[in-house]
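In the two complexes that follow, chain A is the common piece, with chain B as its partner first and chain C second.
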Partner chain A sequence: MKHVLYLAWRYLAHHRVKTTILVIAIMLIVFLPVGLRVLVKQSERELTTRAMATPLIVGAKGSPLELVLNSLYFESESPPYLNHGEVTRVTDSGLATAIPLHTRFRVRQHPIVGTSLDYFAFRGLAVAAGRQLAVLGDCVVGAEVAADLDIGPGDFVVSSPESVFDLAGVYPLKMPVVGVLAHSHTPDDRAVFVDLKTAWVIAGLGHGHLDMSTPEAAPGVLRREGSKVIANASVMQYNEITAENIDDFHFHGDTSNFPVTAIIVVPHDEKASALLQGRYLGEAEQVQIARPAEVMDDLLQTILTVQTYVVTAVIVVGLATLATATLVFLLSLRLRRREIVTMVKIGGAMGRVTAVLAAEILGVLVIGVLLAGILTALTAAYGSTIIRALILS
Partner chain B sequence: MVGKTPVRSGSLEIAESTGLGLRSALAGALIGSLLSVMLSPLTGCNGEGQKQAAIGSAARGTLTVAVVNYPLQYFAERIGGDQVRVYFPAPADEDPAFWIPTADEVAAYQAADLILLNGATYAKWVPKASLPSSKLVNTSAGFSDWYLQMDDAVTHSHGPGGEHAHTGTAFTTWLDFTQAVAQAQAVRDAFVRQRPDHAEVFRANFVALETDLSALDRQLNEFTNLSDSAAAQDGPTLVASHPVYQYLARRYGLDLQAVMWEPDTVPDLSQWNALDQLLASHPARWMIWEGEPLSASTAQLAERDIGSLVFDPCGNRPASGDFLSVMRQNIVNLRVAFD
Partner chain C sequence: MSAAAEMVAIRDLVFHYREGEFRLRIPQLSVATGETVAVIGPSGTGKTTLLNLIAGIVSPLAGQISVNARQIAGLSEAARRNFRVRNLGLVFQEFELLSYLNVLDNILLPYRINSALTLTPEVKQRAVQLATEVGIADKLRRNVERLSQGERQRVAVCRALLTEPLLILADEPTGNLDPRNKGRVLDILFDYITAHGTTLVTVTHDHDLLDRFQRVIEFSEFHSGNQESAHVDGKADAAGGGGDAP
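Moving on, here comes the complex of A and B:
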């Protein structure tokens, strides 16, 4: 048997080009439908698990898919803002807990999620190192962010400016990393979490500067009119919130008009959920309430329909490829007739010769299937990344 | 950058998260079991589905309540009785309105079942701290339309943000005892929501507290300008050593203006001058102090024919007694100015 395998191996090694083409053909025939199936299954799980765990999302009127994708995965384009007063509206209804989200900003490629501490309890996120958010300016990072940026408690991150050419735009805020979250194997691992108020500071709705009524601020004062101080443009605004300057930070305007990108709504029970959804059905309503599970189901239906078409096409192509491969093997046998006769004449038993030929064919099949298996495993391993790149971003 | 975080390799984590581990899939491929790959149910768990939504799950047992001042501690203890444990970490010698908790103390607030806020911009640290909004109870929200704006606000403007002021509203809301009742009511309602099983106890305890607070309100009304008595129609002109009596003055019709003095500090010359300027338009005969003033201060006031009396707002724990006894003593002290 050992000799049979050796002869088959030598034949395949000698005809490298033919063997490679056949192996690739077999590999693709196997991998395409299986890999696609793995990817679709992963998409299904990736998209539904988190959606199922999120009862309702309130957002500005617009695309529910965009709202849900951004609120669950923080990846897609930021949806239109709604007022923070909507958070109070949900809370005051007494029907649910409202968890605000503000997802406009980033630290490099990682989203900054401005929210309340209720989010961590809701998602079951635990701090693995350091501590939880305590004061304005603090941030806790997901496990992948910590690994990717090589940071931990005691380090700092800086919010990315939205545009380097927008001089009057959002200024970067330097934020201390006070904690690193334990791996949750969810998009939360890739996010930088701050208090909602810190997100508003990044947005420029709150800022810190010297108390304009103190003598130290005199150089920045243009004029005083009674209890009114007019400052000039030289007033330095802090780009970092520290224990020394936190008292100088303040917000302008009514916080109920401040922006949030979405509100995760956790109804107390099914009845409360139904009542709450009913309150957002009016035509004059400026906000929408979405059920993430339903929105994701719709998206999955689309994906599954596409999958059916693709698999059908792949099977047809696969059958054609298989037929071609079979033809290649048969033609190869015909071309090798003299070689086979020679092997018999020099004393090779017919059974042995047949075994060598079968081993050659089996070798090609096994190598093709092995490679398909490896590709499938890689697809499974990096499925989350592929899904994020293809669907969520 | 310091403080490396103990995390494992990203690729392996992702593989585990998918339920089809890279290593196991490779092993499967090596034995040529394509079928097993195709049929392997992708039932791995990423933990998301198993997480319980902690929001709204009212745990049973003693209710842990964190408060921002002593009046709320007193109300919570009176209403909650044995069913609550109150956390109020501000040191006794600090004004809780301006005290700033440490990160550990903020963490303790975060861990409480309920966080009772005074509202009206009391506890300046609250807007700059991260607290779970589902646990916050603004006890004065019911009368927020009645907040008094501080009239000594310094406004300023710079840049595109426009004009704005850094001061807020008057915050010693409980010195109007009808407002104190409303705050206690908010505490009761929050307790009932958290522990409906003990609703009857909370309601009964609240009624007792309401009776006490209403009695204080009545006692003050007996001699202040809200009273029908003829003697009270022409009440004394008063000056407060600190601007903390706005709600007291509004409710009980006190003719009151404030300076910015501290009981444990003798005012400097500029402060005396400011008082003299105020007295020219507001001829006060009594000064109300938050605490026992220094004799040097009272002596100089006496030279201006101004008496001193203490009306302790009781924002922090009293050295002796409790909220009720301090307020009763306050009323006795204030009455002297009306005799």
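Moving on, here comes the complex of A and C:
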């Protein structure tokens, strides 16, 4: 047997270009449908698990898919804002707990999620190191963020400006990391969590600066109109919230009009859920309420339909490739007729000669299938990343 | 000539292919053990077919062929292959080396394609020794496509000699070689035969080489079965090979 394998190996190694092309063809034939199936199964699991664990989401009218994807995975474009007053509306209904979300900003590639402490209890997120959010400006980071940025309690992160050319836009805020969450193997691992009010500070809706009534601030005052002070641009705003300046931070305007991107709604029971959904059905209603499980189910149906088309196409291409590979083998046998005749003439056993030829074909098939297996394993291992890149972004 | 002294004995052989006009009839032909025989004749007279019949690659329609007192025609296909790989060494005009193997692997090929032979370290050592004797020891790891014509035929000769055959069948072994390499390849073959008492039957068109053989068979008379025996030149008597005179 070792001689058969040796001769087959020498042949494949000598014709390495032909072998490589055949191996890649076999690998793709096997990998494409199998890998796709693995990816779809993983998508199904990833998409449904978190959706099933999130009863209802309230957001501004628009695409329910965009609203759900952003609220569950923090990946897609930020949906249109709705007023914070909607949080109060849900809470005041007495039918559910309302958890606000503000997901517009990022620390590098990691989303900043402005929310309330209820979110951590709702998702079952535990602090593995440090402490929970306590004061304005604090942030706790997911386990992957901590590993990726090599940070922990006591370090700082800075929110990323939305555009370097937008001078009047959002300024970076330096935030102390006060805690690192335990691994949850969910998108929460990749998020930076802050209090909703901290998100508003990043948005420029709240800020901190010198008390303009003090003598130190006098050079920056343009004029005073009763209790109102008009200051010039020399008044410096704080880009970090510290124990010393935290009292200087304040919000202008009515916070009920401040923005949130979504509200996770946790009804007290099925009846409360039905009642709440009914309240958002009006034609004039500017907000929508979505059931993530249903939205994700629709998305999965689309993915499954696409998968069916892709698999059908892959099978057709696969059959064509197999036919081509068979033709290559047959032509190769024809070209090698003299070689085979020589082996027969010098006394090669028919079984051995046939086995050498079979081993060459089998070698290509085995290597191709093995590589397809490795690719499938990699697809399974990096499925989450691929799904995020292909579906959630 | 006694049966033991006959390496090849053919009696009343009849052969033709399924298609075509070719007919071969050999009433009697024998080659003595240790004899060197050149078979000459025009193309298409069946010289190569004779070698294939002796080697058991093709079977006669009638008659008997024995090699070293073993009836070849009566053996099964598998048995003929085993007999061939153990007892015969074949050299071809076109060398017939495997292009994807290096020199050493080509020489060792018979041991890899039939379990009747066992590849041992001693065999490998013998292969290296043969390669050294024919002057290609420094090219053992080189692919045969990167060898000259003369070197390729020396590799083919080593492959044929590695099994220490009783009988060497060479089909125009010098047909593709320049004069210098012709002489060298024949020297290698004859040196081996002299040292080991091996029998050699060679088909050739090269009449300049005939002096080196003990006997020359003019083969054209066998063609179409219109003659009853082979023509053998005067050297046959000197070599003691008999029975084939017209």
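Following the convention adopted for this analysis, the second predicted complex is superposed on the first by the 385 of 393 C-alpha atoms of A that agree within 3 Å, B and C clash if a C-alpha of one lies under 4 Å from a C-alpha of the other, contacts with A are read in each partner's own complex, and residues count from 1 in each chain.
Following the convention adopted for this analysis, a contact is a pair of C-beta atoms (placed from the backbone, for glycine too) under 8 Å apart; a residue touches a chain by one contact, two chains touch by 3 or more.
This one's a predicted model, so the numbers in the text were calculated from it and none came from an experiment.
By the document's definition of touching, of the two partners only chain B reaches A:A147; chain C does not. Of the two partner chains placed by the overlay, neither chain B nor chain C lies in contact with A:D298. Residue contacts after overlaying the shared chain place A:E339 against chain C, while chain B stays out of touching range.
Contacts of A:E285 after superposition on the shared chain: neither chain B nor chain C is touched.
With both structures placed on the common chain, the touch criterion links A:Y11 to chain C but leaves chain B unconnected.
Judged by the touch definition given at the top, the superposed model places A:V353 against chain C, while chain B stays out of reach. Here chain B and chain C are compared by how many residues of chain A each touches, and B touches more.
By the touch criterion defined above, A:D254 reaches neither chain B nor chain C. Within chain A, not a single residue is touched by chain B in the first complex and by chain C in the second. Contact residues of chain A toward chain B in the complex are 30, 34, 37-38, 41-42, 45, 49-50, 52-53, 87, 91, 97-100, 116-118, 121-124, 128-129, 131-136, 138, 143-144, 146-155, 168, 178, 180, 183-186, 195, 197, 207, 209, 211-213, 220, 227-233, 235, 246-247, 249-253, 266, 268, 366, 369-370, 372-374, 376-378, 380-385. Note for the complex: chain C touches chain A at residues 52, 55, 57, 77-78, 81-86, 88, 90, 92, 96, 98-101, 105, 109-116, 119, 143, 159-160.
Those residues of chain A lying in contact with chain C across their complex are 3, 6-7, 10-11, 13-15, 338-339, 342-350, 352-353, 356.
The residues of chain B lying in touch with chain A in their complex are 1-8, 10-11, 13-22, 25-26, 28-30, 32-34, 37-38, 42, 46-49, 51-56, 103, 106-107, 110, 124, 127-134, 152-164, 166.
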